[in-house]
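Each of the two complexes below includes chain A, the first together with chain B, the second together with chain C.
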Partner chain A sequence: MITFDVIGFLLSWFTFFSIYAILSMSLNLEVGYAGMANFGKVAFYGIGAYVSAYVSMSIFLSLAGLNYPLYSLEATMAMVKLASQNPMLNVSVFILTLILAFLIAGAIGYVIMYPTLRVGPAFFGITVLSFGELLRIFLRHYEPTGATYGLTGIPHPFAWIEDVFVKNLLFTSVTLIILILLFLYAQRLVNSPLGRTMLAIREDEIAALCMGKDVPKVKGKVLFIGSGMAGIAGCILAYYIGSINPNIFVPTVTFDVWAMMILGGIGNNKGAIVGAGIITLVDRATAAINFVFPGLIIDPNFIRWMIIGLIIILVLLFKPAGLIPQTYTWTPAWKIVKPLEEKAKRRREKLLSPFKKISKWFLMGG
Partner chain B sequence: MPTITEFINTFWVGSIYFLSAVGLTISYRVTRVLNFAHINLMTIGAYTAVLLSLSSPVHVAFAIPVVFLVGGIFMMAVHFAVYSRLMELKATPLVLMISSMGVWIFVKFFLYGLLGYLQKAWKVEMYLAKPRLIVGGEIKVEGLTLSGDLFTALALATLAAIFLYVFFSRTKTGKALRAVADNPDLAEISGISHSRVMYITWFIAGGLASLSGMMWALFAHATPELGDTLILQLFAASVIGGLYSVPLTTVGAYTIAAAENIVIATLHETIGLEVSYRPFFAFFILLVVILVRPPLGAGGGLPYRFKVLRRLMRR
Partner chain C sequence: MAPILKVVNVTKYFGGVRALEDVSLDVEKRAMVGLIGPNGSGKTTLFNVITGFYPPDRGEVYFKGRRIDGLNPNEIFKLGLVRTFQNPRLFFNMSVWENMLVIPQDQKGESLLKAPFTRLWLNEEMEIAKKASSLLKDFGLKDFVINKVSDLSGAHIKLLESARGLMGKGEMFLLDEPAAGVAHTDAHKIFSFIRRLRDEYGLTFFIIEHRIEVLMDYVEYVYVLHNGRLLSQGTPEEVMRDPKVIHAYIGE
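And now, the complex of A and B:
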């Protein structure tokens, strides 16, 4: 009888949940608010992971004065020793790579925007999708990042803690804090003037252009922020699993994120997080099923992916707004107008109530 | 220098790309759905041929209509199940595109599961199969073998081109398709049944794409990832045609095939570029086309053609 490790399961679920929630929130900013169909989310996720792995490993090795190539076995062995020596260094490298992953992934997103800013969502989708696929092919052949084997031995920010449980707990809480901060940022962003411009672009690009909004510039900004957030998610993933290779960043990851966003509700940050929670829970559960019952006739992985495809289709067909539909934007003006409107509504009802009684009396037939 | 084999492969692969990309262009023009499920069709076509010839080899003339029918009916079923319902809900092209992505994932992993089951049940290698079709007409010229597969691909592409030309310019149904592509509302008022036109379009597009999948399986192998590996080439060929024009799509298909065979062979010999960087050429062509000759208006784009250039010139 295998004892089921509930706390371990929860910790791993929460970490994956925050990674995917950040991804789906960033996709939601692009698709739900600015109407840009980003089918290449995985590219920026991968860029973030690779940037943080490369930078952190090179900093550690160069500080120790070792001159191994990053992908070599010697480097991996040395990293195991180096990672648990200096707590300050570990944490500061983690923070530095978070910022770097955000900036580099965002900058690449901004550059990718340039060729596609004049064409519609269809062409944008194709271009970004192929960019993600090509990045993977490139990484598979690029020697400095270890080609197909990838990089192993990324220093965990809390590697200096002996107790594994405390280490994981601390890391999971840090990722949850990052998620909360990014959520507050995204909420503030979508309720700002920029957020309302994004909504205008989503609803009608030509009308937004005619109102004097610089549509390409706004799209570039949104893509910078969205890609940067995906880079942060990639950074967290790299530190969490400790080794990365190009086969993690397959296009199917993008579809996972899309399914989360559509299930939760397009154009709603809370919805994106709820969707991510549900699908990562199902995902972890399938992993557990695979572990408990090996050798099923049909691989549970395939069934899981079929369910992802079905979720996208069925939600679009029967509940296009998702689990949590989009609501109004909380602008300062709306905060003043909303109570007034409710007051007016109450007054109208009070005035109309005698007439309603009379009409009811007539309808009831005396 | 590229050998004669590269030139032969260019025509061979180009014909396959043409068969598939032309369906993508036509279906986008008429139905306004950027159909990612088009990628599944190639896999379905390849595996229909594999399953047909599982027990004994089958002649290619028998396989072609069967594969065409299977692909066409599959695409009509997808339209019936998903796209037609979304169109009734007045969904935007973005939503239709996302739903086609859902269909793509579902069908891809359904095929994975089905093939895995068949592999276990029938004890046949399914994830890397080759259809056993009888293709006659092998020619040997000066030590060079021109296989019948090559001629079949060329003949199919030529026949499809002639068929499409006659269909769109001479027949009433083809003209109805063009009318719906230009202005759906006006076509509806003129008495053209919108849903009938949709089903015909999907049938033709699906059939052509599944034929190209069968030809690709003869050229290489049939794997569940067959369509996914070709996605970039197909979309690049269609973008060269602006998702608009069938003749330009033909040009695009053969251009990309040439870049992938002749150019890469030359670069491999001169500067030692790895052959696996092949898809980068299609992406490069895609970017150049989008930058130099953007398909304005198509896909909901905006007419900012020279805005950025003008701003740069002012500085």
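And now, the complex of A and C:
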């Protein structure tokens, strides 16, 4: 009898959920708010992962006075020992690389904007898609980061905790906290004059330009934030799986993230998170079934995408705008117009109505 | 007094198509001037050149004495020259309210660093909101603040487009067929409203309309384009009597 580790399953789901929720939220800022069809999301995810792996391993090895190449077996072996010695070092290197991943991926996203200006908005998606593929092919041949083998031995921030359960619980909690902070940040960003301008650009770029908006500059800002957030997701991934290689960062990752965003609702941060939750759950669940019941006639891994496709079709059939559709940008300016009060009143009534019904039910004796 | 808008010898070709040939015209401050001409005569192209959509092949454009050909559309908007489109280009999936609020230039809350901190842009935001709410009241749109623009009627959309223009520092408006597809009586309503705006806010209007009759009661001066050339100009009465104009319209 194989026992199924429910907690382990949940921890792994939550971690992948956080990583993908950050990605789909970042994609949503670009696509759902600013109207930039980014088909190269995975590139910035990869940049975040590689920056974190490279910097963290370099710091550990050089502090220990070892100068093995990062990709060598010796380096990997040494990292196992080094990673469990100094809790302070692990945690501070984690935080440092989190920031670096954000800044470097963000800066590259910002710079990428400029060549795509010349080819026009319609080709932006294809340009970043090719950028991602070129980067992946480059990494496959770039020896300092281990070419096709990648880097192994990335120092887990909690490697010094012996109890594996506690270690994973702590890591998952940290990733969830990062997700929540980024969500709060994204919410504030979109419900601000900047979010409003982003929406206007998505709606009609030419009109926004005529209304005096510096469209390229706004797009650059959004790409900085969106790519930086993807970099953070990549950083978390690198520490979570401990080993990265170019084949993790294939274009299908980008399309998974698109699916999450479309399912949850384009133009809504909450939607992006819900979409990521559902698809990562299906993904983890099919993987778990495969593990618990090996040798099924149909390998669940193969029907995974059928299930996800079916969910997306059903949701879009009944809710074409996704599970949580786009809404307005709620800045304080709404306070001075009346309809907002009415809307709040209606919302309050809607919230209260189930309670009213229940109390009525009790009072009337069923 | 120097004219607020001055177009000097502007020529614009699209490939082999002559859209504008050697067009020169002036618009005085606080005037209401018409631009008429049959379809395809180059009226929209002239607006596109003035507002920086296309650089002219030859010629110059001056606004408030400053040369503006070669500037980007957003820079020209900032100088106070606002245009509307033949097919209104509003932000259709946004509320009427947001369409107004989004317009003012360089808002503090548009900065990446300040945007997340409401405190830093709250005052400015409330001032913008006050201005927007009083404009919407003037334009009879205040009951629609929360509606999506796509839910408005055609006439309301036209009104919103002008109201939105006033959210910026608009001094002069180029209106591309503000009464297109609107019945004659409603067209008269729109034009008298524009005249009221001109009087109340001291604005300048340059208006495209391809039906001569409806515009005539409202403008002081008219330019007539035909096949990209300036065919005639003068007061509405003069232009209506010009045999060249009659010929161009009947020949259409």
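Everything below uses one rule, namely that the second predicted complex is superposed on the first by the 305 of 366 C-alpha atoms of A that agree within 3 Å, B and C clash if a C-alpha of one lies under 4 Å from a C-alpha of the other, contacts with A are read in each partner's own complex, and residues count from 1 in each chain.
Operating definition for what follows: a residue touches a chain if its C-beta (ideal position, glycine included) is under 8 Å from a C-beta of that chain, and two chains touch if they have at least 3 such contacts.
This structure is a prediction, so every number in the text was calculated from the model and none was measured.
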{"item": "Touching partner for A:Phe171 - first (chain B), second (chain C), both, neither", "value": "neither"}
{"item": "Partner chain(s) touched by A:Tyr33 [first = chain B, second = chain C, both, neither]", "value": "neither"}
{"item": "First, second, both or neither for A:Glu133, with chain B first and chain C second", "value": "first"}
{"item": "Touching partner for A:Gly309 - first (chain B), second (chain C), both, neither", "value": "first"}
{"item": "Contacts of A:Phe249 with chain B and chain C, given as first, second, both or neither", "value": "neither"}
{"item": "Chain B versus chain C as contact partner of A:Phe94, first or second or both or neither", "value": "neither"}
{"item": "Larger contact residue set on chain A - chain B or chain C", "value": "B"}
{"item": "Partner chain(s) touched by A:Tyr54 [first = chain B, second = chain C, both, neither]", "value": "neither"}
{"item": "Chain B versus chain C as contact partner of A:Tyr45, first or second or both or neither", "value": "neither"}
{"item": "Partner chain(s) touched by A:Tyr20 [first = chain B, second = chain C, both, neither]", "value": "neither"}
{"item": "Contact residues of chain A, present in both the chain B and the chain C interface", "value": "206, 209, 215"}
{"item": "Residue ranges of chain A in contact with chain B within the complex", "value": "31, 35, 37, 39, 114-123, 125-127, 129-131, 133-134, 137-138, 140-141, 205-206, 209, 215-216, 251-252, 255, 258-259, 262, 297-299, 302-303, 305-306, 308-313, 316-317, 320"}
{"item": "Partner chain C, residues of chain A touching it in the complex", "value": "185, 188-189, 192-197, 199-200, 203-204, 206-215, 218, 221, 224-225, 326, 328-329, 331-340, 343"}
{"item": "In the complex with chain A, residue positions of chain C that touch it", "value": "51, 72-75, 77-78, 83, 85, 89-95, 97-98, 101-103, 105, 107-112, 115-118, 121-122, 125-126, 128-130, 132-133, 142, 145-146, 164, 168"}
{"item": "Chain A-facing residues of chain B, complex", "value": "28, 34, 82, 85-86, 89, 91, 93-95, 97-99, 101-110, 112-113, 116-117, 120, 228, 231-232, 235-236, 239, 243, 274, 276-277, 279-280, 282-283, 286-287, 290-291, 294-296, 298-305, 307-308"}
